[in-house]
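Next come the structures, one after another.
Heads up, the next two complexes both have chain A, just with different partners, chain B and then chain C.
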Partner chain A sequence: MEAENVVSLDNVSKTFRDFWLRPTVSAVDGLSLAVRRGEVFGLLGPNGSGKSTTIKMILGLLSPSAGEVKLFGLSPRSVAARRRLGYLPELSFLHPFLTAAETIGYYAGLCGLSRREASRRTRELLAMVGLESVAKRPVGEFSKGMARRVALASALVGRPELLVLDEPTSGLDPISTKEVKTLVKALAQGGMTVLTTSHLLADAEDICDRVMILNHGKSVAEGEVSSLGTSLEEFFLAKVGSVQDFALAPFLR
Partner chain B sequence: MRPYVSITQATALEVLSSPLSLLVLLAALAMEVFAPVFHYHQFGDATRMARDAAISALFTCGAVFAVFGAIRSVRREIETGTMEMALAHPVSRSGFFLAKAAGVAVAFTVFAVAVIGIALTMFAGAAVGGAIAEETAQLARVYGPCVAAGVAAMVLPLVLAAALNRFFRFRFTLTAFLLATAIAAVAGVSSMFLAGGDAMRLVPAAVLAVAPAYVLAAAAAAFAVRFRANAAAALSGVALVLMLPAADNYYRAEALARGGTVPPAYVALAFAAAVPAVVGFLLIGIHFSRNRE
Partner chain C sequence: MRAFLGIFQLELKALSRSRSLLMLAAASAAWMFVVPRLVVGDGTAEGMREVCLGYGLGGVLALVTVSMLAAATGSLARERAEKRLQLTMVRPVRYFAIVAAKIAALSSAGAAVLALACALAPFCAGSASNHRRCVHVLRPLMPSPREEAKAMYAEYMKSPDTPDAVKKARPSTVLRLLATRAWDRYDTVRTNAVTAWRFPAADVRGVRSGEVSARLKFSNTYNARQDVAGELRLGELSAAVSNLTQAVLVFPLADRGGEAGEEGVLSFRNLGKDALMLRPRRDVELLIPADSFFWNLLRSWVEMAATLTLVVAFGLFLSASLGRPVALFTAIVFLLVSEMSPSVVEQYPDEFGATLSDRIGLMVARTVTEVSHPISSMNPLERLSRDECVEPREVARAVAVNAFALPLALALLAAFVLPFKQEG
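Coming up: the complex of A and B.
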């Protein structure tokens, strides 16, 4: 029987070590979480709280120092588990020498799609992200926002069951941000499970069903967004700490 | 297999699209075309010079192409995060590394075809010219078209690629590289008709000069997974130095100077020695890939 939880972390820790294997940073410390099928789960936290490290362990890019990570009930390093996954990294990692169409075609190939299917899917996705007119331009010439759209299309090319989004609206203008949020909601309504990280609490509040707040690699709060009883921003600040009031006067003189 | 074919294709495209690759190819062709011409007028030993220039170009420029092609391709994947993107797909780490190495090998093979094509052209021109001409003027008449073919393989692709880039947005570097290879291959095949079996004497020696580059490409790709570009290049240099005694196939080309050829059995032996070295470096690369975080 297939696991109900698409992603599960059980008491996972990750400590980075230097060349001499001395521990340098404890990025994640005893973290347990479960992402249920069909939900939009938000992993929130300040910079350096361990969000990206957690995402990379879920993707099988990093191995946990302790604990267990399961993706579709399998090891995240298993090819079978990653066949059902789509990933949008925080920065749009694309080959600058490939065109937009070639980039999506390349990732379609990595998902094992046949040439014909890859070509059809590439056309569909270029239309979806509004880049049909620049399909033959190298992505190295694209603006950050356009590259982000190509990366998003690449993440969706294999029709994943789980979409992992690391700061999905990073570098996008307000219109594109709204489009991405609408897209994520539509994908979730279509049954896709979404795991996202974000610094933008308003965005997370708009799209997430459930959130976990990380600080110093540990979970400090977890729950349904609808049951917070306050805005996500107030809840976040209460859990993670207050905003520093910068004394700007000396710089403005 | 489809994911790995995609990675191999993209890697070959990346290496062939690199301006450095085109520069190394043009340097190799210039070395082959001009070195024998200049020396001919001083020493009058065109055949030998054509042969030596061709094998030197293949060996030195081939080593540079293979090492820097492999290191740049692997390091760029690691440093820009595209490897991270690829490994989030249903692709194994060892398969990803092997597909990258295969892509570099494909790109190097294209490079070798171009260099061997012009090598055959120059060797045939020198051999035929030396055989039939008794005066410099006559020899230049026979040798001239070969030099012209070599120069065309360097200049024409740049002009055509610029035009195709200007009017049809073709990739300039990739187009120039592939056009140069096509012209060189046509010139090389044509030269075989010109010189008959004589030009073919160069082929086994050229193949021997190519073998170490495949070993170096595998070594450089493996080191690039674990070390930064400079360190990977230095370690590949050490591998080259260690390989040089085994690369005495280079000196076996001396057989050509005596009007003979390198025996096919020796070529087979050299490749039999190269294959375990390639496999060994690929296994090192796989080990580094699996443990990389």
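Coming up: the complex of A and C.
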């Protein structure tokens, strides 16, 4: 039976160790969260708060030191769970020698799409991100914004049920940022679950249904954006009291 | 399967669009044509042929091996460092498929360059090569040196001539020493005496006059050049032996109206003045014609490509486990040590009287040789250049072990290590 929560973390901790297995950094400490089907969930926090480590554990790239991570009720490393997942990293990490069409086609192949289906889906996604005219240009020649759009198209190629976005508007100009936000909203309206990280509260406020703020690997506040009745910044300031205690001041400012 | 093909194609595109593959192919082709003009042969067509096939193809094999090893050790490590690997690992593709596809792509690229060099080999070695036939080389049926060592062990340890240091040594050390001796053991053939060696009857049966030769390397008790005289016989076929050189001699066995017989027994009667010595495991062979140079070249290519697959798999395993510079360094050190170790082991067959550090060095050399020898010995170029048949069963073994079993094991290990390495 399928779990109601698309992502669930139960008292998860992650401690990095050195070569001699001595603990060096405790990146996440006793974190529990649940992302419900169809919602846009924002994981917010300053640099070093444990957002990326949490995302990597959800993606199965890191294993937790304690606690349990489930993706669609399965281990994040299971192929069945990964089949329902799309991921946009903070930087695009594309193969510079591939063209835009080849890049999307490559990830379509990894998602198991047939050659014909991959070709059709590639055309569809290139149109969606507005890169049809440069489909045959190597992505190494693209601007950061264009590369970001190719990466987003690649994340969507397998028609994922959960889309994980790591700083999706990072490095984009205001117009591209708005386009990405509009796209995420459209995807969410289409029933896709979205888990996003951001250090920009305004962005999170625009697209998220629910948010969690992390600091030093712990959740310091969590709530639904629609029920705030105030700005996200004010809400969290009220929630956490003195932001100085949490080293959140630069993040909220 | 689509994921496998996708990664396979991506790896090939990376090689071709960076022009690495083109450069490697051009360098290999140039090497095949330049070598015969640089290396001074012995002036004969045979010598030039050995130069072309041995140095030419050998040089290309070394170049391709090192290049593909460098590409393999860099492949996963570079993608991990540049964070591209995580984009593949979050897709619904098994980690094993990622490694296996990369092994397949890199070894295919290397095999393609080797195929180009092999295609150029007949032009480089002279057109006469195409019409030559290779020969099956048969050796006497004997127990293996290890089995012979076991049989000799009890008697050797009881003998008063055996040094005390040996008697105190571990049985495995003594057995290794005896196996080395068994490999070099001589049969002494006294004047007017006959010595016989049994060959695989199925291979010899029905062979006709002129189709079989005996290849022998004589030695005598005084280790000086001296006339050898006698008669070789294989069933109804025979050859007179008369020569001064004591080098490697080939005697075509001609008929007296018959065949090689059912038994496959080659006998030698010594008609000279002195006793002669022959090491049956090394100095006595029967040569029977096989197929053409083309087929032998094709089998050599398959065997080289299979060994290259193993090298690539080893490089990718290191790449999955280590950072790029460490993986490349480890691979090259292992390659060098595995090349040098057999000669160290051959020169120092035992460690009696050696210092502790020498003993440790010998132990390392011996271990590396035992691990790598079954693989490194699968180099067919020496036989190809001497027109000796690269046997199909040996090629089948190379394909099964080097191209499938060992790369599969290494790919599984690499796939197991891959997620742990992501931990940083």
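The rule is short, and it goes like this: the second predicted complex is superposed on the first by the 233 of 253 C-alpha atoms of A that agree within 3 Å, B and C clash if a C-alpha of one lies under 4 Å from a C-alpha of the other, contacts with A are read in each partner's own complex, and residues count from 1 in each chain.
By our rule, contacts are C-beta pairs under 8 Å (C-beta built on N, C-alpha and C of every residue); 3 or more make two chains touch, one makes a residue touch a chain.
Source: prediction; values computed, not measured.
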For the three-chain model obtained by superposing on chain A, do chain B and chain C clash or fit? clash
Would you sort A:79 into first (chain B), second (chain C), both or neither based on which partner it touches? both
Determine, under the contact definition given at the top, whether A:57 touches first (chain B), second (chain C), both, or neither. neither
Per the contact definition in the header, classify A:111: touching chain B only (first), chain C only (second), both, or neither. both
Answer with first, second, both or neither: which of chain B and chain C does A:95 touch in the superposed model? both
Looking at the overlay, what does A:208 touch: chain B (first), chain C (second), both, or neither? neither
One more residue to check, A:136. First (chain B), second (chain C), both or neither? first
Do chain B and chain C touch any of the same residues on chain A, and if so, which? 56, 59-63, 79-80, 82-83, 85, 87, 89, 91, 93-95, 97-98, 106-107, 109-114, 154, 158
Chain C residues touching chain A in their complex are 2-3, 5-7, 9-10, 13-14, 17-18, 82-84, 86-94, 419, 422-424
Residue set of chain B touching chain A in the complex reads 2-3, 5-7, 9-10, 13-14, 17, 80-82, 84-92, 169, 171, 293
Over in the complex, which chain A residues touch chain B? Could you list them? 56, 59-63, 79-80, 82-83, 85, 87, 89, 91, 93-95, 97-98, 106-107, 109-114, 136, 138, 151, 154, 158, 164
Interface residues, chain A side, partner chain C - complex: 16, 56, 59-63, 77, 79-80, 82-83, 85, 87, 89, 91, 93-95, 97-98, 102, 106-107, 109-115, 118, 154, 158
